[in-house]
């Protein structure tokens, strides 16, 4: 309870910007909210209130540039900046406005090699519904797959143990679930799912030799029926699917994993339980993880473990 | 509209009877309704009214012994017997009582090599709900996967064209959907889905060199949410899954295919549209069938085409 | 099994035509398919194939002009025409083209005073999906409440017993469920739900002193979740609701009843079971009907019994 | 972010203890976890981990004795005790063990007249699932209505403004939604929905002349389909329903309100959005609240405003 509120934004590298804009806006169904002088394109999910949660940046390689979490206020930002430095990580301040409608960001590199940011300010532009006597959804709720929010991300890199220490001890996250490695390797934690709220995960990491890799960005769907509707839209648009629809054992979430036009994996995710901050973590053994990944099939889809950007 | 009402029963060969009884009764959640002097075990789905729809028969090979459809009455049975003979197929009468609580059956071998039966009488034992002021479901609706009915079956064998002629011209079925073979082969119909009601299929056939093979028996689930619940139960019991959960393009149905302890494939199936008898058939090309099988993934799961019992 | 296929069309009297067109097209979400020289406006549900299932006719009183059922072919039409006359009802032939894209209609007045029609021909314009490799739904499936088909209607009038005899003995319908009157009145059937398919009802009648009244037209929704979405749209548009969302005990269907701008009641209806033609009817006692109408609440909503057009 | 975690327990007064135990255990489907020397009976929802969330106490009047929230740890409890006193409310310490398996409780009376408690310790007995490789649900998830957790409560009393100040300024809750009174009365807040997490409400209050009244305890359901299943079980058991199934405009939640055998209202509640702590409150005007209460119907059910225990 350190004042870290939620995953706020991720900047994604895409190979063909306009093709990607088409995908994220018209097929996934995000709301385009701006473009900046660097050519970056900003999006939010329909039910999000802040200006943007996804930024597309043209590049010659796919992957994630950085992930940012929103914190409660400027004082929290200052305090956490000091705490992160005390933990031993150098931090950098990016000026307000460097991202559209976004305040100063404190950036540092995680032990797993990912650029991670904290920020306290982002312009609230609303979810398209009035604040007085609102209906339960807007027309955007039926446009494309229409996720409600950027939910979490899963990142791959070395030294997951270092990230765990940082997120739990410094940033105040809870360890909600974890995956152990093989018994013969002494069962280290090779996967950790952590929350700064009572979601099953606001961020997750899996051990991987190469630093700074993206496994997937996850977008929240209201129901299992809407996950299938997302799957239908994937089929209509020939979006390549990795896994699903199915239920994860981990988090109990209902899911489809698929790939965007650049090969970045994304998830349409519903359901799951809501762990309160005093919950004890759930453990998946290396052998049990097949059901953790795909509960009905109990299948350890090879691509889940190996394909990242 | 010849008076063929519905798929009534299927007799399934299983390798280990008690293991299979456990599976069909306690995991799939059927209601055991009797055992006969041959050791066969009879089941019905909770919302079916007739005595039995699935009969297990111990054997040293898996597969289906025969499939039977119920017809309107004895006169219909007599008439259809004559029509089938006139079509050129020899028929045989099995005496009432040969199957528990079941009247005389007219049996004949389909062009695809399957034993097929018609019958007019089966004792109605009810669905466990009163006929006066009934509640919408019984406690059995939560026991195991709890399908509501034996819905249809898909059978593999040679000469699907012969079956089509028999079912459409003699038995009064409608062709609802069909799959074409590869263009270079002249695009014969390699799969046909036929209905004697306004279901998307009461029976289906796929071209296959070996006669008399079973692809799957299908059990009806009320909703997509209950399909996932069935998938959860498969995961809990380590039931091997072939495909799903997903949506078929063919029939639009929501599905999981899995295997019983003997390797017989079964389906838990929900949704789909309801074609009236005057509808025009839908065609799936050989190339398009990947989406016909798994609409979101557009994946031509190899096992679907090759694994039968 | 006389060849009566389904409810095909209903002509509805509305007070303000353009307001009604807006309601049925933009709020309920039907597809407008034509207007004729009498100013009538034709609609179909998105997943119907025939030209039209609802016709709006401007009038100074609300209600239903007539209901028409499609039959298999011209021969069936001729045969049923004779059978209806033999039953003692005069019949009239309306010429092809009197309704847009519709063949000759055989019309007669039911014992309950309603104009009822049979016809064999209506131009098939399709459901907006290709007949080859179709996706599972079209963009129209998200426009307004987006029912998939005109499902059934409930009509009020005197002499329900006469209708039952006609529909069961002449037209080949099955009695699926029935409501008994009060015990002190000798428990006559005051409500009957009949099917010419394996739907729980294709048409229903309730005893009422005034002839020819409409209780409601029912539109089919794919799921309970879509029934709620329809309810949301009713709330957004201030459509007056009579009952629901809730589940009927009768048919087990999931439902909302509401009123169109002219005061004609309509239903958005999902779920329910699928009775085969050999099923035994379910009986609701007068006292038990409160749960038959609203299973959770067990409440005999007064308006259901008294408000008709 | 003061360390108040969640609604932990409520002690409910019931008129006939064994009848109430039957209702809460066998019909609502809670898990009975203990009885104490005062005859109180303890329950938890199947997916809760702490020993108990509902305590039934025999009485000659219905209502709620007290509601308790769990806080992070003993230090938090001490700090909040001081803060509440500084706010001007006297507090009392109840010894550990006064409630079964529960640590010391700090109790005080809210401005609205309700006894409110904070506590840091309650024995964790788990949710019946293993902590290693768990399945997604236990057999208890199908027993009765089977809510997953005690979600929130709505309490009626005078001086809602006083409660708001206490909960927002001292206990760190967020105001998520609010209902205004009539314009002619100057539009005071007559209803407030507050969260200490990102639920739409962990506790809510409505202005009412009589202090200390209970409007309802709310139990969480996984889906809208399970809300209907709860409604079916209400119908099967003739549980009197107040409102629903329907959707609230307030919180967007899917709901049924009904009464326990003592006349205490309870809710089966699913869905809703998940407001992060930096969200702006939503306002319902007095005139708009009809849709806030029942979004489809837009109906201001009289009982909601007047019937409390």
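Points to keep in mind about this one:
Labels A, B, C and D are assigned to the chains in the order they are written; within every chain, residues are numbered from 1.
Quick note on the criterion: contacts are C-beta pairs under 8 Å (C-beta built on N, C-alpha and C of every residue); 3 or more make two chains touch, one makes a residue touch a chain.
Everything quoted here is computed from the prediction, not taken from an experiment.
At the chain A-chain B interface, residue numbers used by both copies make up over half of all numbers present, so the two copies contact each other through mostly the same positions. Chain centres computed from CA atoms place D at the largest separation from chain B. Note on chain placement: the centre of chain B and the centre of chain D lie 48 Å apart, centres being C-alpha means. One simple way to say how far apart two chains are is to compare their mean CA positions; for chain C and chain D this gives 43 Å. Centre-to-centre spacing of chain B and chain C amounts to 31 Å, using the average Cα coordinate of each chain.
Residue positions of chain A touching 2 or more other chains: 135-137, 223-225, 232, 235, 247, 249, 291, 295.
By the touch criterion given at the top, residues 1, 3, 5-6, 47, 49, 70, 72, 124, 131-137, 148, 197-199, 222-224, 247, 249, 252, 271, 273-274, 276-285, 288, 291-292, 295 of chain C touch chain B in their complex. Only residues 135-137, 142, 223, 225, 232, 235-236 of chain D touch chain B when the two sit together in their complex. Here chain A touches chain B in the complex through residues 224-225, 228, 231-232, 234-235, 238, 241, 244-247, 249, 254, 256, 291, 295-299, going by the rule given at the top.
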